[in-house]
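Structure below; questions to follow.
Labels run A, B, C, D, E and F following the written order; every chain starts at residue 1.
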Amino acid sequence: MKDLTEKKIEQSIEDRKRTYRTFFDNVKTYKPFLELEEKTFKDGVLNRRTKELMALSISIVTKCEPCMEWHLDQAIQNGATDEEIFETIDVSIEMGGGQAGAYARFVVKALDYFRNKNESR
Amino acid sequence: MKDLTEKKIEQSIEDRKRTYRTFFDNVKTYKPFLELEEKTFKDGVLNRRTKELMALSISIVTKCEPCMEWHLDQAIQNGATDEEIFETIDVSIEMGGGQAGAYARFVVKALDYFRNKNESR
Amino acid sequence: MKDLTEKKIEQSIEDRKRTYRTFFDNVKTYKPFLELEEKTFKDGVLNRRTKELMALSISIVTKCEPCMEWHLDQAIQNGATDEEIFETIDVSIEMGGGQAGAYARFVVKALDYFRNKNESR
Amino acid sequence: MKDLTEKKIEQSIEDRKRTYRTFFDNVKTYKPFLELEEKTFKDGVLNRRTKELMALSISIVTKCEPCMEWHLDQAIQNGATDEEIFETIDVSIEMGGGQAGAYARFVVKALDYFRNKNESR
Amino acid sequence: MKDLTEKKIEQSIEDRKRTYRTFFDNVKTYKPFLELEEKTFKDGVLNRRTKELMALSISIVTKCEPCMEWHLDQAIQNGATDEEIFETIDVSIEMGGGQAGAYARFVVKALDYFRNKNESR
Amino acid sequence: MKDLTEKKIEQSIEDRKRTYRTFFDNVKTYKPFLELEEKTFKDGVLNRRTKELMALSISIVTKCEPCMEWHLDQAIQNGATDEEIFETIDVSIEMGGGQAGAYARFVVKALDYFRNKNESR
């Protein structure tokens, strides 16, 4: 039987894709939000990788699993190393305590998931 | 394989039913809470539909999946249209940003689920 | 001595004005956010008043005092009655319990503040 | 000049009293909430002191200052010792990290405030 | 088909074990966190059982499912009775309202799960 | 009359100092927490400045004013530029929406406060 945490990761990816069209056609805030998102994460005085790790740290402390899935993947695709991700977890635990530690497990498992997926490409 | 998000929706419905008796017999706050709930959602100067949409908006921003499942279903049963639900998502995204956007996917999928269930009745 | 809660309300209004220029000139997300905000709150199938009350309910449950100050004022300026605001507090308490009840005091005091300000205009 | 944290404590006490009548007369959920509150905190298999400390720990982690003020005072009036309050802070920091540590300062100052007030009675 | 809530409970237990080594070897905050955790939960003026119930109440209000799983199990292993757990749910609902009520279902189901597991030992 | 937001900043600084001894002598988690904090923020593959900005972004989204005060000051003392702080606000608004925008005003005012204090040294 497949691991439930892996299923959650894959479902998060699938839901994002499957609901995209509905959001785009019906949710009025979606277009300005996409613009806001783009302006946020493009390289500035902080590069995109740093910003994605920052977003990942927020996602851990606020217990947002689909956010962790997305920003971890984006961080990796923009060159984040395992060490950088572990230090992001450090900041999250310092700020959010045991709750952040519990949600950081999701990140550790998602990290394995994305590293494996990239290797098998 | 069944969609995990759909399973979560169905599990939320089932858990509410399956734990009801335990709450009723053991949790002292449950009876006054049911009264509080009833007073909250009955038609007043705001009608029930509006109040359920309000509760839905809170549920999205606070990332409460079983709450989203319940208040969406109640909103629909009290006549909420798709357009009203999408505008509720707008308010949630304005207040809660990308995190709210990520949890609104659950609402979009639950909306499909409840609309389909009602059609097949 | 002036009431601290009233001072917080006035400081919230003042800080919004005093930081506006800094946000506008320096924070890249600010312009798309203003567009997102405008799209959110303009009359749709839900009118602006309803949406402002919805935002107020979210603000109470998430304990956001400057948000309460702003969305209460906007709700009042768009015709919200005291009864509608009290029913918004009902939904907030149902969803958020005693914590929401504690923050709803801020709303009750801000309601007095804004009603008095409008009378003396 | 008076300490701002002390002013917040006193304002929290005053706002609770000053808004009570408004809640009682206008907020429909208020009466069932008072019943719910009473059922929650009366001595059971857990005594009231333990329950108030539990509520205090929740208040610290959720950053609810008026809740901290109230449940600390109630805990003290029900016999809580300084040592018990410090161990409540321990649990809060374990669960909520540095954020809980920062809000626990409010508890430490409120503890001084209430101990002094009781001595001078 | 297995109950999804039970699967979540088992996955939470498994993820804790499976990620332990990764945390221990890579996350710098992990060792001081383990020390902090140990100091928090050992018997003091409050005994461990009380502290675990306190942590459980925080977990319900903050909607932390892996935290609920862990602290419920620890509370039970330290002698917590069903009545004590139900009164912990009371405090959580008083503080956190309907959202806490919805997450308390997870606790009720996990309670069944752990009681059954212990019986069959 | 002094600005209330400035008073909050100064009170946050003062409360940290004034409660330090009480925490150190009475709160068992405090020493391992200080060690955890030190391990978190020392230069690693991410430098301290980046980690402080990360902690600042978390503080904005979780509405933790004393955390914002501290991590902003630490970021500045470790060389953070205004541009970096504004991009940190961007990430916070993307993740946390209008609520983050409202709390970012505190950061903007605290930025002025700390820059002025440093100039007058």
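Assume a contact is a pair of C-beta atoms (placed from the backbone, for glycine too) under 8 Å apart; a residue touches a chain by one contact, two chains touch by 3 or more.
Quick caveat: nothing in here was measured; it's all calculated off a predicted structure.
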{"item": "For chain E and chain F, chains touching each", "value": "A, B, C, D"}
{"item": "Proportion of interface numbers common to chain C and chain D (over half same, under half different)", "value": "different"}
{"item": "Relative to chain C, chain with the most remote C-alpha centre", "value": "E"}
{"item": "Distance from the mean Cα position of chain F to that of chain A, given in whole angstrom", "value": "24"}
{"item": "Length of the line joining the C-alpha centres of chain B and chain D, rounded to whole Å", "value": "31"}
{"item": "Shared interface positions of chain F, touching two or more other chains", "value": "28-29, 33, 36-37, 39-40, 44, 55, 59, 62-63, 67, 83, 87, 90, 93-96, 98-99"}
{"item": "Chain E to chain D touching residues, read off their complex", "value": "36-37, 39-41, 44-46, 50-51, 53-55, 57-59, 61-62, 67, 81, 83-84, 87-88, 90-96"}
{"item": "Residue ranges of chain E in contact with chain A within the complex", "value": "7-8, 11, 15-16, 18-19, 22-23, 26-30, 33, 37, 59, 62-64, 66-67, 70"}
{"item": "Contact footprint of chain E on chain A as seen in their complex", "value": "3-5, 63, 82-83, 86-87, 89-90, 93-94, 98-99, 101-106, 108-109"}
{"item": "Contact footprint of chain C on chain A as seen in their complex", "value": "28-29, 32-33, 35-36, 39-40, 44"}
{"item": "Chain F residues within the chain B interface of the complex", "value": "93-100"}
